[in-house]
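Starting off with a structure, shown below.
As written, the chains take the letters A, B, C and D, and residue 1 is the first residue of each chain.
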């Protein structure tokens, strides 16, 4: 039998949440506090989420908690605050739904429904969200195989809703150094089996804010379509999961490390990156020059330079740049490389 | 009690294998077949390992195998072939040592000793390699906590040998989609606790060659100091672990994805990358321009340009480039950005 | 904070299901098919469950299944059949409830509600059953720690329902020889921490009918208060979980091995057991006699015999037997033991 | 390929350690301290091990420890003390061997070699003990599947030594309530696959002395051929693994619960058990009588009594008892049952 979640040759799916696309080659950041605790708290969170480049705002209103004596969320009031905070900052919003009976209520307020890890095999809930038109983020259960996770998604697709994103947040293993073990291999494994987008949640996997950043980078490198990260204006005062929530500065540092930054800063960063690449280029050219001298090969190869410049023009055109301008820049760069080669070899630059 | 493996404030350690440094900000690739099977096979492997930019050659001569009826390695003969293949291709070599009694023999032939996952708590073996001056790659056992792994390393350091690199190759969990679960979180966790370098081995963690590349990229993104990857000229004919060994093309694709390529190719890649960054820069500048127009802010800010150029000079100097040359390049780049802004906004460029 | 599920010094709890007590030193067997498939099937099951000494009839009507394309249970119709089968055979009945919205419906039909492993942390469901007066069997989730399991029970007790029995059915581990790993240590661990009764479910833990019997015996030996076992008139034709369901003969063999048999058979078994103990007694007496002869000690000790008979009288009175009758029986038994000793030593019995 | 460890139709194997048989239907207890710490300590241990009915004395001399800074065992001196303590108490002895180079030395002193869990896949060690004629206890590694465990045993059998006993001491899982999770299902699983005897080690699996007894009973109920249990004269002062070692009283209580007691005590226990069975028999007879009265069936059935007595004679002969004596005893028992029936029903006993 062919499963609706399985790869079928017609390409990877993408899921539209408000105006935000998940999948299709992009990289989407969902951020927000574990739980909506007050209007002030979610509003403050939403502001810095948007400022840092986050695309979707999360916030739990119905919280499943291990003990009955812990904070259980603000319910409908929390959803109302979340919606307002999202609207005020131009962000679509996501919140957990834990019971089939709540699907209608939560759907009124959010742009994307989350099914948490503990509910991954609540089949009535899967069917209920499958009957809505809301996108769904389906977290992997802590003891679920990848096959079981995809079959849980199958329940949703089988009801007619194909807007499903998978979320890896770690599995239970013997090692308690991190709160659960992020199964980074699940990202490429899911990509081989299924057309659905997959994101990672390093917050729940890590249990410590210092580990969130490297896990987030690893997830993107492994091919994830995005990231869910928990942030809080004052993690120390959080009513739930304080230890792994990032504060504003940690969040901005994460977004910077991911290369997701506001426009102005972006140009600074790009310029610095260009300079770094120039340095690597010059070093490479000098290394080649040394080898050529040892082997008695002429330093300069006009054919090679022409090829290089042709490649560069082609690349520029592909990317919509003015090929002549870029050509001139690289003539200059090549000239400069030759100067550095000559200095390193202690001889005059070859004439043009 | 202060452990010798623990972080002590005096910085991260690096380990020198032949002329190759592991740690200290670099990224080192160890590659080679699971087992040395013949002189031809290891020689062919070594050639393409070197060609692709691998820094150290691996090859097992004493193979611990689950069943007594499987190929157990060529022993001393295998070590001899490995050494020759390394020497012929300018690569230091690494091989497993599984018994204290073999440490002397294996040390004669190799530059780095590997203690495999099954031997992680063979304490006599740990002491024996601790009494040599060879660098040691200590793999994590499939059921070992991070604490136990560091204490195993402590046995080696306690004998006087501090040249230890840790190797993560996955832990045993309930999910058999991949052959073991790469604990990507162990990389930042080890970095927090210890000064020792840590590399990952995606080959043993994946069990399938298609999963090796994304895991390798994830490991580097998470902060690993390097990679061990198994390669084979003809994985289908391998006597051991065929399914996860990469062939030459897969290996070269991996090295390319990691940005590790031969010098000539490197410059091509760098140039292409510079062009891509130029395109991102131009797009960013255009986006800013649109916002400025909407908000009635003048397009050009001379102060901002001066700041940018000052930053660029500073970066160039830091990296040992000629600051004037780089300055001129960026004057040109900024000018070009203005031209593109003007075209996008359908107005003449502001005069200089 | 003192938890309601925790041991508090006022003794172990027992839970009354219809007229059947779970806990309080007894050993209760819950048996029946995984799913109610038809009236015929559940009726046939109930008959042999009762015949073999089972105390409670189980049968699933709302089945949570890994795939949406598998049999999902008969729903209310199944509950109706289950009730009839229980009533016809004098057995209280148990069935799963998977959603808060179903608690009312299922409660109309059953004497005990089961919360399956996948629903262990469905907190709304826990609260909903906590608001009924029905006894609840709470299965442990496959990745739940014992602490989390007790906290899930706490949700039920906290709503006012203290009629909770815990059910261990195995946890997820790396070894797939059995379908999950029965955590036999959870039985004494729960007994140390909590006053709640605990039973084991070897059917789900084993995945194979041959493993059910040894696990059942192990559970009782470890101190479990009972057993849930899945049985089916024709396991090969079962719509769900066929491989681990016992057929009638396997079930009767299990009940026999547990020493749970119908009255008539019981007396046969008891008599045979008495004979076996007589044989062990005689062998022990002969062994002692040999030692005494070697060491030159007189064979018969009148003091020892008097002590023995006094102990026996005391035990008889404790158990409500006629002490004189039992005394006479043992006088006879001791006399016989002396005869056997003498024969074994090849000498005449010592005179009385 | 047919494996030497696999079930081959020629029955279960038994292993002879000194004069003690493991397997073949018996139940063998191996007991002693984790480590030999001094001559006094091992001698005191051996005395109460023997007193309680233990069959083999254990004591570690070469201890593999997680940290290099922990007590590593007394080595050869420890072996000498162990041998003396065993000889003085009539017990064969067992100790760990951790390195191939130590096999000769340890074999000089012990009757059985143990390969610990960490060394289960030290293949050179497996081969080395396979070349001796010593029985071997092979512990299961904490992350080893049953298949891998049997393949490790295969290494030993393949060298010519078939005297192998398997030892289950728990696997690593996510739950840290017990120090590892005793995989009780491994006992029947191994019995299905292999002819080798299997014992369990509840000490290492439990991590706490209170859990040892229920796990030991569970192991026997599941079909294990024996038990290894760690005991120490003063667990609080033990140099290793204090928390799970039993003191003398705990050990004697365990042996009592297992029904392994010295001969004298044995007869007391058997007599008490006979009395208990009489009470159950009488209660059963009374229950039947009540049913008969309700249903108008005559109380006494001479045919039934004759069948019963015939069965009892047969059983007695099978067990080597004098059938006439046993017959007479049961005539008496039946008569007494009738008396109790009559009293319970408040009517005169039926005449003979």
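Criterion: a residue touches a chain if its C-beta (ideal position, glycine included) is under 8 Å from a C-beta of that chain, and two chains touch if they have at least 3 such contacts.
Just so you know, these numbers come straight off a predicted model, no measurement behind them.
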Chain located farthest away, centre of subunit D as origin (C-alpha): A
Pair with more cross-chain C-beta pairs in contact, given B-C and A-B: A-B
Centre-of-Cα separation between subunit B and subunit A, whole angstrom: 22
Separation of subunit B from subunit D, taking each centre as the mean of its C-alpha atoms, in whole Å: 51
Length of the line joining the C-alpha centres of subunit B and subunit C, rounded to whole Å: 56
Contacts with two or more other chains, residues of subunit A listed in rising order: 143, 171-174, 176
Complex interface listing, subunit D residues touching subunit B: 1, 64-69, 72, 98-101, 118-119, 121-124, 127, 141-143, 148, 151, 154-155, 158, 171-172
Subunit B to subunit A touching residues, read off their complex: 143, 145-147, 171, 173-178, 181-189, 192, 205-206, 210-211, 214-215, 217-223, 263-264, 266-268, 270-282, 284-285, 287-288, 291, 308, 311-312, 315-316, 319-322, 325-326, 328-330, 332-333, 336, 339-340
Touching residues (chain side subunit A, partner subunit D) in the complex: 172-174, 176
